[in-house]
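Below, subunit A partners subunit B and then partners subunit C, in two separate complexes.
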Partner chain A sequence: MAKIIVVTSGKGGVGKTTSSAAIGTGLALSGHKTVIVDFDIGLRNLDLIMGCERRVVYDFVNVINGEANLKQTLIKDKRVDNLFILPASQTRDKDALTKEGVEKVLHELAKDFEFILCDSPAGIEAGAMMALYFADEAVVVTNPEVSSVRDSDRILGMLSSKSRRAERGEDAIKEHLLLTRYNPERVAKGEMLSVEDVQEILAIPLIGVIPESQAVLNASNSGQPVTLDQDSDAGQAYLDTVSRLLGNTVDFRFLTVEKKGLLKRIFGG
Partner chain B sequence: MSLLDYFRSTKKKSASTAKERLQIIVAHERNRRSGPDYLPQLERDILEVIRKYVDIPADQISVSLEQRSDELSVLELNVSFPDEKR
Partner chain C sequence: MSEPFFELKGSLFPLTVIHSSDLTLAGLQTALEKKLGQAPGFFHQAAMVIQLAPEQQNIDFASIKQLFTALKLVLVGVTNASPEQKQQAQAAGLAVLRLGQDAKPTSSASTAAEKQNDNAAASVQQVPMHTKVVEQNIRSGQQIYAKGADLIVRGAVGAGAEVIADGHIHIYGTLRGKAIAGAAGDTGKRIFCHNLQAELVSIAGHYWLSDSLQGDFWNKAACIRMQDDSIVIGEL
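Up next, the complex of A and B:
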């Protein structure tokens, strides 16, 4: 049975697409056949982060409208086996995704994939609703900052009332907190909400903490999901996150300020 | 207290201020979500009635509905009056 996981946040620009790409890549690296679906209609970006922007021929809406089939539309990653991308459409028609259409596509994907990762658009309107509606699990991407935490809580409200599972009275969507752009130095100075603070407010289990990292920018510049940069802090933090998603217990890293040695203190780094 | 300490102590406050504000607003919004749809309007109506007599700011009133059991829900109305003049 395929697992449908939505990557969502409410607030924009907190790292949903970065996380979708990184987690999807990590799942595939662990041997699980995975497809990442871009639900951000009109603002497709996942293709760029995954480095396959020039290979997009058809898109999600074409499949829904029967203008192309999945086989023609899915983009197979060239670096990682078992990894596919379903690009969003560039249409400005916000109603291009219908519940019936999305259900049909997800149903078909479920026959072939173990994990279906849905990269949600920002906001709490129709687009975000569509991305979370069919989910079994949710990765709630949050930055340690007031408006992001508040919006995450709103999304949690949606997950528990507006999803298909909620409407049918089935088991609730399994929720995971993914804290990104974490800066332990600023937390230590009391300038930034800590992991514990955010966890206490949102009260859902923590699946990962991704540090604020130059590696993420480097990765997006070159169209490589950051998980492929396995020497980087962010890449490792995402791999830990994937391992936890798969049910393993992994210690959290990158939560405290790295003690700098004398040489590092003198020469920086 | 040195100048450095001064900056440290004011900085220390910003994350904890953020946390306190979030705890309040999130609790408030959760309450709203779990209550019936008419609750916000009920709150505004009550506020209007009270304002005929006392000028209170909007954040000094809160209305919540708590389901105590299957048969019993309690409507809780909290109004803080300004201490001085009535």
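Up next, the complex of A and C:
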């Protein structure tokens, strides 16, 4: 059975697309056949972050409208086996997605993939609702600041009331908190909320903490999901996250201000 | 095709009652704008009733109604009206309502009005109080209303969420949003919470905003109730 996971946040620019790309890549690296679906119709940028923007021929909306089939539309990643991208349309607007259409495509994908990762647009309007409607699990991407936490709370409310599982009275969507752009120095100075603060407010299990990192910026500029940069802090934090998503227990890293000790300076760290 | 359905039924609804010594247009406008400014959004399109005093004469109900509409409020009617006031209010298309016992006029209400109230008060008391239990956290943007009932929330009430009950409200998690107890006008209802960080608490239409709540009980377990016409906070 394929698992449908929505990557969502409410607030814009918190790292949904970065996380979709990184987690999707990590799942595929672990040997699970994965497709990342870009629900951000009209503002597509998953293909940029995945570095496959020049290979987009057809898109999600074309498949829904029957203008192309999935085989023609899915883009296979050149670096990682088992990894595919379903790009969004740049030219249509968000109304191009219908519930019936999305259901048909997800149903089709479910026959072939283990994980279907849905990169949600920001907001709580139709596009975001469509991305979460069919989900089995949700990765709620949150930055350690008040407005982002508030929007995540809002999205959690939507997950438990507006999803198909909620409407049908089935088991609730499994919720995961992913804290991104975490900066322990600023947390120590009281300029940002701590992991504990955010967890206290949102009260859902923590799946990962991704540090604020130059590696993420380098990765998106070069069209490489940061998970492929396995020496970087963010890359490692995403790999830990993927491992937890697969059911493993992994200690959390990058939560405290790093003191560069003498040994670290000599041997690198 | 099923038979068309039509039925008339009496029901009780929470209404916000306004007491004001100044019912001139300018006076009302200043007072309302000040209140609305304190709690933006809270009263959006709220149904309201003006409580009259016998000495208030020649009130321009039609203009007052327009003022409410302009401020995005809905003026439904008046209460405690003298026969003359009643006629004028009705001419302006307003309902003339009788007040329940629990929202006794604070100022000089006539004894005749008091007597009238007893009937209405009886109907408030007759509403059987049930309990509505919510097991999860109530998230930002969600609203829960326990109509004619107490409300128990086993989780937290998030910032931007709203819980409303005609009865008492018990919150076993942190209250970060708004809690409105005694929404049908019963000042005897209370709010209990395990951690008070609320945006607003209200009992029977009286409310306190977050600023007024900062004090001994902020971030602590608390019980909020009415005493002598004002809200008081005490230990749980």
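We take it that the second predicted complex is superposed on the first by the 260 of 269 C-alpha atoms of A that agree within 3 Å, B and C clash if a C-alpha of one lies under 4 Å from a C-alpha of the other, contacts with A are read in each partner's own complex, and residues count from 1 in each chain.
Everything that follows uses one rule, which is that a residue touches a chain if its C-beta (ideal position, glycine included) is under 8 Å from a C-beta of that chain, and two chains touch if they have at least 3 such contacts.
The model shown is predicted, which means the values in this text are computed figures rather than measured ones.
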{"item": "First, second, both or neither for A:D197, with subunit B first and subunit C second", "value": "first"}
{"item": "Partner chain in contact with A:H107 - subunit B first, subunit C second, else both or neither", "value": "neither"}
{"item": "Which superposed partner A:R79 touches (first subunit B, second subunit C, both, neither)", "value": "neither"}
{"item": "Which of subunit B and subunit C A:R154 touches, first, second, both or neither", "value": "both"}
{"item": "Which of subunit B and subunit C A:K99 touches, first, second, both or neither", "value": "neither"}
{"item": "Contacts of A:K189 with subunit B and subunit C, given as first, second, both or neither", "value": "first"}
{"item": "Shared subunit A contacts, counted only where both subunit B and subunit C touch the same residue", "value": "150, 153-154, 157, 161, 200-201"}
{"item": "Touch list for subunit A against partner subunit B, complex", "value": "145-146, 149-150, 153-154, 157, 161, 187, 189-194, 197, 200-202"}
{"item": "Touch list for subunit C against partner subunit A, complex", "value": "136-142, 155-156, 158-161, 173-174, 176"}
{"item": "Subunit B to subunit A touching residues, read off their complex", "value": "8, 11-16, 18-19, 21-23, 25-26, 29-30, 33"}
{"item": "Partner subunit C, residues of subunit A touching it in the complex", "value": "124, 150-151, 153-154, 156-158, 160-161, 200-201, 203"}
